[in-house]
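Below, subunit A partners subunit B and then partners subunit C, in two separate complexes.
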Partner chain A sequence: MLKKPVVYRLFFISILIIIWELAAHFGPYPDALFPSLVAVVKRLGMLVMEEALLLKALNSISIVLIGMIISALIALTLSLLGIYLPFIKENTKLLNSVASPLPGIALLPIVILWLGLTSKAMMLIMVHAMLWPMVTTLTLALERVHFKYLRLIKVFKIPFWRRISTIYLPGIINDVFAGFEIAWSRGWRTLLSVEMIFGIVGSHSGLGWLIYERRMYMDTAGMLAGLIAIAVCGVLFESVLFKAKRWEVFIGTTNLH
Partner chain B sequence: MEPLISINNLTKRFGSEKVFEGFKLEIFRDEILVIMGASGSGKSTLLNLIAELDHDYEGEIWRSTDISEGVSIPYPMVFQESESLLPWLNVIENIRLVAPGLTGDQIISLLKEVEMADDSHKYPRELSGGMKQRVGIARALACRSRILLMDEPFASLDEELRLKLQDLIRAIKVRDALTVIFVTHDQSEAERLGDRIIKL
Partner chain C sequence: MSLQKRFLVIVLLIMVLISQSGCASEKHNEITQIVIADQFGLAYAPLEIMKAYSFLEEELLNADLNVEVVWQKFGNTTAIREAMLTGDLDVGFVGIPPFLIGLDNGMDWKIIGGLSESQVSLITKDPSVNDLGDLSMEHRIILPQPGSIQHVLLQMAAESQLGDFAAFDNQLVALSHPDGVVAFESGDSEQLHFTAPPYISKDLNVNGARTILEGKDSVGEDYTFIVGICQREFYDQKAFYEAFKSALRRSIEEIQLGSDEILTLLSEIYEIPKDELKADLREKTISFSEEVKGLDRFSEFMFKTGTLSKVFSVEELVWE
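So, the complex of A and B:
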């Protein structure tokens, strides 16, 4: 038996589909501008069969993942050092407050001037987009764990590396996932915008470029198929990676907070 | 009788506020010294100063060399329940965190002393408040120190459990010839447990 929220969603989606189809068939726009869902699904299927869509989706996701890992490592290092070195802590705060409000796309012209249309430039933009939310999340989490267990650490003279592996990292694991989640949504949006401008970097291109490319061929169904692919990737990525509650149970941190 | 710890003319400030001024105290071997006082009176501050966690003071805190001889953690502490155990480690791992050199058998034998050997693989979320504090006591005992510091360890427990754990502390103190410095704000707990009580 289906659960109520699922029924509500299916009902809502069905209504949207009906409205779309009515608009496509009886609306004032030609098929080339407003294709029916059947045409969009067919186009989606074709793109999948040609492997273009999957390759582009994988390419986009891999760029976000690499950027996320680099951002996480930098954020973790800065946050850990910040606990013990006030110089690092204060300057990380300063950098965060200055850089965080800057959208990655705003840096694009200057990064292109400096690094050209290269994968390095794209990665720099991606790291900028994802680093600062992770720094904010991890710094707060580490400070909370550090001060909560400060006396334990001092009284029992727990060595630095054991502190990191046994107290800090397990203590912030849920916050790392929360940071990943925020970083992912920022990174994913930035990447798609950047891909539309960068086009093909090296021999690879992503979903952003796919949409842009379809526009040049006046392939509205292809563009819509690209948008569906972007939404599906986002939903899948979040549901696979960011079920932090499961991790919470898995590592037994339910009464940490 | 020579004291184990002697505090003379201690002055401790937090900003412009003086918590202690010209404070004196002697702590002797094999006694349970209870430090009592209202919230904010400086009980935990005094414990931190004794445990060498805070070096920002004026005056003298003299400590016998007997305390640190042959032990790596001379001032183990039992905390309040909220800051006690790491929730992602089980009982054995929580003890091994502070005493990595102990074998599994040695840890189990410590847990037997506090009647927790049967729960050695449980996580803190599976333990009651009293059980967590027993593990906290076992963890402090794992350091094999001559002194045991306790910072309101039973504050969140019910009366019956408190009495049991107070008896446990008394028994351990006699058996191991420990000096116990116990902080509480509870008058009846102080009277029941303490060989000597000081009020701040």
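So, the complex of A and C:
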């Protein structure tokens, strides 16, 4: 027996599918505006078979992941140093408050002027999009853990590296995943916007470019297939991969909260 | 109400809404305004003259047609195609390849007439590049969009010089002409720009910049750069169609005469020196004519590359 929320969801999805098909078949819209779902699914299958879709999805995902690793390392360094060096802490806060509200796509014209249409420019935009939410989450988490265990650290005179491996890292692991989740969603959206507005930047093209290109060739079914792929990747990463609880089992860390 | 009943009510409501929107779009038939779209560049100069001298308004008045004329400027051909598809546009000016892609995908449109022939150049500032064969995987080619006339010209050249029309398809960067100039000027030497006047001369001002490919060499014959198109709905309104065609003819004749007044007007609009404009027209860097050339060549080539599903005959492409 299916659970109620699942029934609601299936019901809602089937209504959407029926609306779509009715509009496609009986509506006044030409195919180029409103292709039927059969055409979209066929196109999706063709793009998967041609490997275009999978390769482009992999390219997009790998750019976001590389950006995320770089951002995580910078964020972790800044947050750890911030605990002991007030100068770093204050200026990280300042930079965060200035840079965080700026969407990556808004910076792109100036970054293109400075760095040209290169993969460096793309990576800078990606790191900008992902770094600041990570810095915010990690700084708060580290401060919380630090003050919670301050007396313990002082009394037992735990050395610096041991403090990191036994107190800070296990204590912030949930926040790290929360940071990853926010960073992923910001990075993913930024990458697609950059690819759609400015075309290819870097050596390979991604899903944003696929949609852009399909639009130029008036392939609406292909555009919708690209959108489905983007939604699937988004759901996979945001709801599955970066959910900390799923990882605690594997990492086996103690939750110190 | 049970789940099934609710479901049925929703579906019925939607069907009513869809049929209503169908009725709304059928009310469109009576023309109250003519909406015309062009893009950036000197190739659209006759339309600036038509606008400035109100030629279309005059022709419409002569035919006792009292409608408003609305001009719109679009960043690329796809936007024009989409506006026409949704019924927001009557006449558009585009390159031949995007027009063919639209026709092949079911757009009920044809060519009203040619507008311009123009130099289209691929420009590099990389000293080690003299032809397409010298380009590496690291080079990027900036052009307005995939499927644009510049893209097809690049594919033609890639096929004749390297035997692979798709050789550079993964190295494209899509930017409008003005943004392309900025990226070309500021970027490293691995960026090339495929563009048209007046942006060619702006690119060539960059230190070390030179042309490695001309559009005419790719095609191997003269071809029309920009054509005017409309859908059947507009063509069937014969009085409007004829008025537009007359206005277009008058505008092209004016620019062909190239009076001082016209040159002053254009140099102000495009912000280029009058002498430079005069030289462009004299040396035929850009020329204007109603005649449409090169349709067969583009249609055959784009069928060969798989962009089109068939080769179109001239009758299928031009209204008259």
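Quick note on the criterion: the second predicted complex is superposed on the first by the 241 of 257 C-alpha atoms of A that agree within 3 Å, B and C clash if a C-alpha of one lies under 4 Å from a C-alpha of the other, contacts with A are read in each partner's own complex, and residues count from 1 in each chain.
One rule holds in what follows: a contact is a pair of C-beta atoms (placed from the backbone, for glycine too) under 8 Å apart; a residue touches a chain by one contact, two chains touch by 3 or more.
Since this is a predicted model, take the numbers as computed values, not measurements.
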More subunit A residues in contact [subunit B versus subunit C]: C
First (subunit B), second (subunit C), both or neither touched by A:F11: second
Touching partner for A:M218 - first (subunit B), second (subunit C), both, neither: second
First (subunit B), second (subunit C), both or neither touched by A:V98: neither
Partner chain(s) touched by A:L113 [first = subunit B, second = subunit C, both, neither]: second
Touching partner for A:L22 - first (subunit B), second (subunit C), both, neither: second
Touching partner for A:Y149 - first (subunit B), second (subunit C), both, neither: first
Partner chain(s) touched by A:L73 [first = subunit B, second = subunit C, both, neither]: neither
Subunit A residues touching subunit C - in the complex, by the definition given at the top: 11, 15, 18-19, 22-23, 26-28, 30-33, 112-114, 116-118, 198-201, 203-205, 212-213, 215-219
Touch list for subunit B against partner subunit A, complex: 48, 51, 53, 72-73, 75-77, 79, 83, 86-89, 97-98, 100, 123-125, 139, 143, 149
Of all residues in subunit A, those that touch subunit B in their complex: 148-149, 151-152, 154-158, 162, 166-167, 170-171, 251-256
Subunit A contact footprint on subunit C (complex, rising order): 3, 7, 10-11, 14-15, 18-19, 21-22, 25-26, 78, 81, 85-86, 98, 101-102, 105-107, 137-138, 140, 142, 145-148, 170-175, 182-183, 186-188, 191, 307
